[in-house]
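Following are the structures in question.
Next come two complexes built around subunit A: one with subunit B, the other with subunit C.
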Partner chain A sequence: MKVAMKIWRYDAVAGERALREYEVDAPEEATLLDCLDLVKDQLDGTLAYRKSCRMMICGSCGMRMDGAAVLACKTRMYEIAQSGHVPVISAMGNLPIVKDLVVDMEPFWRKIRAVTPWLEPGYSDPGERENVVSQAEMDVIHKESLCIMCGCCVSECNSMEADPDFLGPAALAKGMRFVGDARDQARVERLQAYSEAHGIWDCTRCYFCQERCPKGVDPRDAIAKLGAEAMREGIDSDLGARHAKWFVTSAKTTGWLRETELVPKTQGVVKSLKEIGFAMSLLRHGKVPPPIPPHVAKHVDEARALYDLVKHDGREGADGIVQIEKPLSRLEHGEGEDGAAERGPYGPGSFAKPYLPELSDESESSSEGRHA
Partner chain B sequence: MRTVAYYKGCLASLSAKELDIATQALAPKVGLELSELEAVTCCGAGDIHEAEPDYYLHLNARILAYAEETGTDTLMTVCNVCTLNLRQANHALKGDEALLERVNRNLVSVGAPAYSGGVEVLHFLWLVAAGEGYELLKEAAHKGLKGLRIAPFYGCQILRPSKLLGFEDPDRPESLERIIEACGGEPVDYPAKIKCCGFPIIQAREDVALAELIQPIEQAKEAGADAMVTPCPLCHLSLDAWQSKLRKQTGKDFAMPILHLSQLIGVAAGLDESELKFKRHVVSVKPVVEQLAI
Partner chain C sequence: MLENFGVFRYPDRMEHQLEVIAGLRERYENVVVEDKGAVFNTDLTQAIELGYMLDLAWCMVQAGLAREESRGAHSRPSDFPERDDERFLRHSITRWTDDGPELSSEEVRMTRWQPEVRTY
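Coming up: the complex of A and B.
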């Protein structure tokens, strides 16, 4: 098949960027990485990109296709080529570009190092017996352990774009991998450190990390688990944690969010007073609902009683965080009548469905022929 | 008429009442009969999920149970955050029998109905962007928008995570554009339409949130938009109410009117000011109103 691509070339020395178009003849099962190899071999040896394992485990070939971070070795090109769309390939976001599709990963590694990404077992001498951990205990952090540190989650992180010091989804997911490890003895210290500025409470919940991760780590869920664990330990002085607590109080007392009180409860009275001018501008348009009389939900006593029952059940912290996917399973994407399927630019289900070539004699021989 | 259980959530009950008013007025014109849920609470907005995860699950199960009790199979939301929270809880409850049983035991013991798993949570946007709802919308939007240039702003939690939301391609959504066109407006394209408005951290990290917020407004302005439209009242609140803070911070006065989705369709469907409530917006919608002379 013919695969056309536009690639953002970048020369850091000259500081020049250019969008160049290439077309290669590739076998039907070719990935984006295969196509880049063909470009480099046949058309332009100066093209720079990272690669190593070619099988989604080394995490080297993170890059953007049409603005979305992908692993080049995981991305099949068949449906895109068939649709006639010419994708734009560029370097990942939120990291400095070294050349073409190669980014400087140093800021990424600095943040990984900042979360103490190793086990703190609390002893230096391992002793004579192994420390056996049950499968059930490891299941808790199974997803976080899948991270290959490719940087795809970081590429489109909206909080990191706004605040380059934000620890970000990869480092925080790595943090959860150790906070949830039954052998780790530095749990509380970790939670305290991750709860500081640029940590857990800086996540804006844009869910780009969850969308981009090629390994199913679900970093946003990992950050929610850290938040839940921190609050279980009473590490809740950050404005973000106080904000979250006010929602619980609201649900228990009136059922609905007590919106007007949210600001002083989160920011404190003194800081809120400084915002009085802003508050007045909102008040004029009915954006500051009066707290009295409170807007109380019907049968709110049920919500109150539920709180006590939940406390009695004791399913707290990360254990309670809803996992979109359970460890070791993947959701199947349906192609409903109303679904995006038919309207996607690459045809039915293309944004979710991997291309699997049909294994007939004909297609095998024909693709081999094109190889040669 | 399709009967749906209607969960308006906190904002449409309080600071964004105009969203509720416009939605209720518009619903019959697009074939929806709303059965409003009264004995329900906040979905937790992602905050209770983090502070008290199990309580979050119970509160949302209770909302789903009351929706099921109305006899419909659809719970309609008008907020991105409610949509994700309810769909996430629904997914967890439907996929785990033991969990559903424990939660139901607790629900019943406090006097709430049990939930059998028979409800699907759908945002109002999805009900009118495809199928019969879309056909009815095209008929209802008879007054048009006179080619008004509208920038769609999706926000996050109606697109991502697509594993839970899944209505359309999260990177190339089209639902709002389809609706703008059906209403006789001209959709304006810009890259930040699928990015975050910063609202979840606007209290705790205002500077970070404002650095996110400025992108869509600035890009929409540069692309020549007369107004922006969003399906989420939280996005609406930050885009509309926090715009003055951007002016203070950057000196740029975008004066960008922000419409709720129900208002945009409502204008094209001929709703009047008592049903649109534009006076409740912080950024004046007057330029839009004048252009349309409604």
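Coming up: the complex of A and C.
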């Protein structure tokens, strides 16, 4: 099949960029990486890109296709070629370009190093025997362990675009991989370090990392888990943490978000005094409800019951994070097989289940007031 | 190499592969590096690696032809299907000379595990 594509070329020495179009004759099963190899072999030997394993395990060939990060070796070209679309291939975002599709990964590695990406077992002598970890304990960090450090999530991170020092999805997912590790003894120190400026709470929850991770790591969920674990340890001095805490308190007490109290609770009284003019203006335009009398939701009992349920089920911390299923479904291939679509790719019980009241008798009885 | 020198090796194919390698080595004399740049020049690194791979390929086929037995991932089902510890319980050692690879062998230092037939 004929595969056409446009590639953003970049010459670091001259500082010149150019969009060049190429067309190769590739086999139908060809991936984007196969096509780049053909371009380099047959059309232009000066094209530069990284590659190694060709099978989604080394994480070398992260790049962008039509503006979204992909692994070139995972991206089949058949349907794109059939549709007649000519995709634009470019280097990953948020990292300086070295040449063509090659980026400098140093900022990426610097942030990985910053999260202490190794196990702190709390002893220096491992002893004679193996320290066996149960499957259930490892399942907790299964997704975070899938990371191949390709940088696709970092490429897409909107928060890092605004703040280049933000630790970012890859490093924080790596952090969760050790925070959730049953053997690690530096849990609290890690949570404190990750909660500082440029850490957990600087994530804007845009979910781009989660959407575009080629391995189903779900970095945003990992960051949410870190936030929940930090809260559980009482590490909540960051504005972001205080903001999140107030959301919960507000929802629990009145069933609504009380914006007038949100600002002083998050930023402190002094800072919020400066915002009074803005708040009055919002009030005048009907953007916020008047603070007095307190606005209580009709079904506030349900909000309270939900809060009690999570507490009762022991789903505080990382266990309370309901993870999205989309990246997991992308990893499913055997849809023709019976039940393959329903079956989780990592076995039953690997992840916290979303709250489903009608399926659980136990939770029914545990939450008094929910039916009131 | 993928076609003629995989796990299952046949004498005619190995001999043929020697000719293929010789031909490729001749062509390699005129290898062209299209990318003249000094930054991330994979065209250059690939050309250098290709040269080493051609050296290594020659060493491998030479040693494969000399090893008249089947052992592990070196299987000669047509002419030498059995393992021959008498002659070949030895390391193949290749040294590069001006005339190409020079094959020799060294004794294997046996410790705990003895070679066995795979029965699964």
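The rule is simple: the second predicted complex is superposed on the first by the 306 of 372 C-alpha atoms of A that agree within 3 Å, B and C clash if a C-alpha of one lies under 4 Å from a C-alpha of the other, contacts with A are read in each partner's own complex, and residues count from 1 in each chain.
Note that in this section a contact is a pair of C-beta atoms (placed from the backbone, for glycine too) under 8 Å apart; a residue touches a chain by one contact, two chains touch by 3 or more.
Since this is a predicted model, take the numbers as computed values, not measurements.
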Which of subunit B and subunit C A:211 touches, first, second, both or neither: first
Partner chain in contact with A:12 - subunit B first, subunit C second, else both or neither: second
A:133 touches, of subunit B and subunit C: first, second, both or neither? neither
Subunit B versus subunit C as contact partner of A:45, first or second or both or neither: second
More subunit A residues in contact [subunit B versus subunit C]: B
Which superposed partner A:280 touches (first subunit B, second subunit C, both, neither): neither
Common ground on subunit A, meaning residues reached by subunit C in one complex and by subunit B in the other: none
In the complex, subunit C residues that touch subunit A: 33-35, 37-43
Sites on subunit B touched by subunit A in the complex: 10-11, 13-15, 17, 38-42, 44-59, 62, 88-89, 91-92, 95, 102, 106-107, 109-112, 126, 130-131, 156-157, 159-164, 166-174, 191, 195-196, 198, 200-201, 203-205, 207-209, 211-212, 237, 241, 244-245, 279-282
Subunit B contact footprint on subunit A (complex, rising order): 66-68, 158-159, 161-163, 166, 201-208, 210-211, 218, 220, 224, 227-228, 231, 238-248, 250-251, 255-257, 259, 262-263, 266-267, 278, 281-282, 285-289, 295, 297-303, 305-307, 309-310, 313, 315-326, 331, 333-334, 337-340, 343-345, 351-352
Residues on subunit A engaged by subunit C in the complex (per definition of touch): 11-13, 40, 44-46, 48-49, 98-100, 102
